[in-house]
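First, the structure itself, so that you have it in front of you.
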């Protein structure tokens, strides 16, 4: 029971309090790039969440049974990036084969994910925080959900901002950054929740 | 308890009605105009081919133009005289339209079609539709949809209710009110023919409860018919909207993109019903129509029987001319009528009124930004989100416009009426509708 | 016959006699009792804060509009509304320059960068307040009452578990921000707005009910939670800011309930004693999505 | 030489990675709360960029098309790991401050993007100029951004007190929200400058 | 400690081999036939899949570019270089035609055209025409709100003080956006070299036009008659110019009594046949007014009485034996 | 490039070679840098221990039940106290604190914040000398946070605006008594 509550808190904390995008600055590129429309943002978020959960799973094993066992921590970045790259590739292949519909909705976002630093950051944070297997999975999933939440919300706001008369020089990226800043400001309301 | 007995729909607005200017003025005959202009497109549908040419002499009631197409209503001369031109003239709908110009001359005795004044039950639906088409009758509430088309029930559908729209929810206008008072029997008679034509069992007449005398008049006119019911509806705009009236009287929702007949109903205006009666009893084509001329900018507001094609300047003259400086001249009511650029445009079949507002009455057009107050959402009787439609139309997001059901807008103007920021919501929605329609057309053309 | 050209416009040709300015100024008037109470409870300093806030907001708006060659629309009263609402979130002991910074941020980053009135996604006053909360956390959490440092009712509850009597909360004899004193005067102002039809009841109803029910379910004192802090002010004034809230009826319920949930989460488990500001900002963020998924079904639409 | 200079200059303004290309933003936002951090991040990224552009422009002929990207990533990650250990060994303070964002240089689209867009299609000499130009372009915006944030956030510049003791630190400037807002406004201002300058020239 | 080297070598080698095998396998098994231009565009792109363009990866972007959904300049990573290459790839087929420029077929600005009413509402031509409202009496005229100013992606259209749009030739790319947008169909694409333009679209009869517009075509047909190459045709009360036939002589502009026709070119003031004439008779055959006389293989002469100075002889002479003097009108 | 031999074998060889060579290179880097990194870590730890055990001249690392304790001795080899590093959740992330104790007196000598992610200028003020002084001579018991100048040894003065961070430090430090007492008994 206790650990269940702990896992729930870990999840909430990853999604809201330490939101990957708005608080930890991870995955900013797709967050700003693929957030023009709510639909694409949501698909991107789903794809990222899926890959993040899988990555958490895979890198946990690589880290525990190869790197730490063989004292090869210095190969962490290299092995993780290889794992992420292959994983993305395999997932893409798999989806393409299994469901063309799903591929249209999610698959086309997969290539973007290799260079999404939220994935790599998440993979690296797991050994840094000494998470065990279940915690790692929860953390990976939570990070993905947090990413999805942020990217969908900002896509909604951006769609709306198009109707407004944004000053010419602020159009595009600057106004998106300002929106992200204001979102981060609002997310500060969650600060301190974790200590409960 | 009284409230409960009044039929109504949800949302809508309560504009000032201002009917006092003309509501107690009897319908008068307007002096005969010197020249009339008969546009060849006074209906929704295919355009007409003129059957007269320049210098032809025509009699009153003579056919001027017709079409082979089913969805069309022929036009007749409302003045005897000489055809002076067949050319494009400014149309009351904006733009230019081909029209026959006739200069008055000779005997003004009208030429009536030969119709044996048969009772409704003696005629077949098809015969009634034929007669209605020959008389060139269209909806006289404003939309000008050919009435015989409305009456043609497609295979597989059946009509159980025929509704006569006597709501007259447009502010200022009183002509329907007067028709019901003065020609109540004719309206009920027209209703009987219409019911026969559609084989509808039940006739319903809906009248806003601010016209108790009209309610009384029609109740007594319809008293002998069991299958006709006269009901009061709440005085609320747009109670006279077809879909609103159906909702109020029968609680049926007309499907998006559908017609009243999809829910077993046909709705006709009181003036149309009267015209149907006139055409079937007397063989009279639609060449005159009663209308209201009113507004603060008119000296003697009143209700007039006007030959179709009369330039509105003539009607204004008949009503004593402008009071003060005219600002806007509107054909129709203030909520849905169209402002005119010129006084040379003619009265057409759908012209239910001429409203003149003085210059002093007009406010400066200076819309403020939309503040999302959602008053438009709360007012829209069609449950649309006008504020959003405006933005989508601005950005030409056609897919989303369709998703937000822009085509379901009835352009009643309730949203613009309540908008505190004076946003031209209806105008934007029209732009959006036009764009969506254009795209649909080009897609169909392409495939 | 006609001396001047006729005017042509799209229909309708009638308009109800309201305007954005009228709505804004009515909001301002409805806040007068609260402002008077603030200056009675906290002294003239409260008035100084309000004045600085209004002037800074108006000035920023003016500069922005001039710089963008737009019509200067200060008379619509929206900058003044922001100024007053911002001032009411400030603690009485706040240095005036902090108020000015908050005001500039509120109008500049909260409103004008998005194109001015009607286009801002977040409530500008709350953006100003959230900005200075993050920038000067010490100054913004220093509360005074009768010239003494004092803790607000929610602080007292969080730190000491002490509950302030209801009556004090209701009439406003308590320390706190300028606007979070008297529940009674806030209700009075809100009543005016409801009477005029300028306040949508769904949001405050959803928000207050949610807070009441949730705190009660969690075993806290629901009445205290309703009256304490800026909940009433927030529910009636900040959460009902038309620009930053949903336009659909169902969306408004959702907004109110969501804001209520966040208030309770932050108050009971969060790092801050008060969560009204953040809960409204967080819900502001969701408005485009809410609007999208609560589009009313048009008459005759299937599904 | 003029040609090389043009390549170099490109990165400074016309194709400035941050405010024109808008890439590589994660570190830009995360580590720019002090000038020292911003500068160090710029150099670290620059080192990886330069070394990998050199290596890739040298071996580009031997890499089959299908594994182009994975090969580049492997080369990049090697240099990143090197940088990480090097900083940890000799500049532990900086390594601590930049923490997670050193390894994340791997997935900085700036690096991979330049390999694809430039190094794999140009001679080594041209690649060096491109990398150096991009590095300087990346670094100066990083330093400018961090200078603004540090000045308002701590009242200091590169640790030196500027605004005096009477200044109340504006803490938001060093928080995430402040990072987004500052960069947003900064890019806006730079756009304005760019437009003004551009219209004067044209 | 040496084992570290061994393990490192082995583990990464195996992992990398695994990745490579997967990739190679994927690229073969799941090969899909695609638009070759998409492939080419994809080749040009950086391939970093960073998403900065707003699309889901480079391939997605390549598809969008080829479909024309997004401008070639929208890959921020690739910069100008990539944009140029993409433009080259996509523009290959478009380059062949002669450069065209949008032309406005209305000259009736605020000063020239009678005003009918004062319009208040959305300041856009599309909006005004959607409800059939116009200020000017001429229902074919330019509504003057300048929607195209915004529509033009290249800032090539500005509104002048007279309420008419002006196309800036140097910026116009003949993208057709303004042609599509104008609700009165007042824009056409004409060859950039064209110097004659009949700037009216009114099909109203001349007597109507005369009353409402100072510069509207009154259908007097003088231009039709003067045109040496029959490039002008009357279509329902309106003179319409066929740009393909027009030789830019400017005669029609000169003749037009209401100044509807614009001529930007240089009018021939003097023309003569020099001694270089080889007497090929080509000019004499082509002259629309038979003003050239002369025997074959002898120097020809221009009859100044008959000559209309259209310049056809100058254009057709195979040995450049026609001299002309021009002056700007 | 595209025309090159793209056979699977070649793909594998290329990537394998790059990966393996990179790994070899990194192994070398690792061998070269790791002593320095370890040294830095050790030096940082030593500094922290000396900070919290000011009287100590040197320390010895002792492991009890997998838990590492740093015993401090002065130049005369007298035991002056024991330091231990504890972690716990802070406002923004984990906080790691080196705590020096005097098990005899059942008192805390001083603390040193090793790692934290608290808000700069706010929660980060827990690293300041002024705040750490609060813990000098604090007893082995539950500590208390007050919003005034502390009067009792167990009282810790709050930092305005950083309640959560102070609370976190207090919670972590409060645990030290039990941990140290378990192995160093002391006093009564």
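Each chain carries a letter (A, B, C, D, E and F) given by its place in the written order, and its residues are counted from 1.
We adopt the following convention: a residue touches a chain if its C-beta (ideal position, glycine included) is under 8 Å from a C-beta of that chain, and two chains touch if they have at least 3 such contacts.
Because the structure is predicted, anything quoted here is derived from the model rather than measured.
Ranked by C-beta contact pairs, the top interface belongs to chains B-C. Comparing mean CA positions across the assembly, the chain most remote from subunit E is F.
Centroids built from CA atoms put subunit B at 59 Å from subunit A. Centre to centre, using the average C-alpha position, subunit D and subunit F are separated by 32 Å. A separation of 68 Å divides the Cα centre of subunit B from that of subunit D. Subunit E has its Cα centroid 48 Å from the Cα centroid of subunit A.
Of all residues in subunit F, those that touch two or more other chains are 2, 6, 11, 14-15, 18-19, 22-23, 26-27, 29-30, 91, 122, 164. For subunit A, residues touching at least two other chains, in rising order: 29, 32, 74-75, 78, 82, 85, 114-115, 163, 167, 170, 175, 178, 181-182, 185, 188, 191-192, 195.
Annotation for subunit E: residues touching 2 or more other chains are 4, 8, 11-12, 15-16, 19-20, 23-24, 27, 48, 50, 52, 116-117, 120-122, 131, 133, 135.
For subunit E in complex with subunit C, the residues that touch the partner chain are 115-122, 131, 133, 135. Subunit E contributes residues 4, 7-8, 11-12, 15-16, 18-19, 22-23, 26, 29-30, 48-60 to its touches with subunit A in the complex. Subunit E contributes residues 116-117, 120-122, 124, 126-127, 130-135, 139, 204-205 to its touches with subunit B in the complex.
If you check the complex, the residues on subunit C that touch subunit E are 5-10. Those residues of subunit D whose C-beta lies close enough to touch subunit A in the complex are 22-27, 29-30, 69-70, 73-74, 77-78, 80-81, 84-85, 100, 103-104, 106-109, 112, 172, 175-185, 187-189, 191-192, 195.
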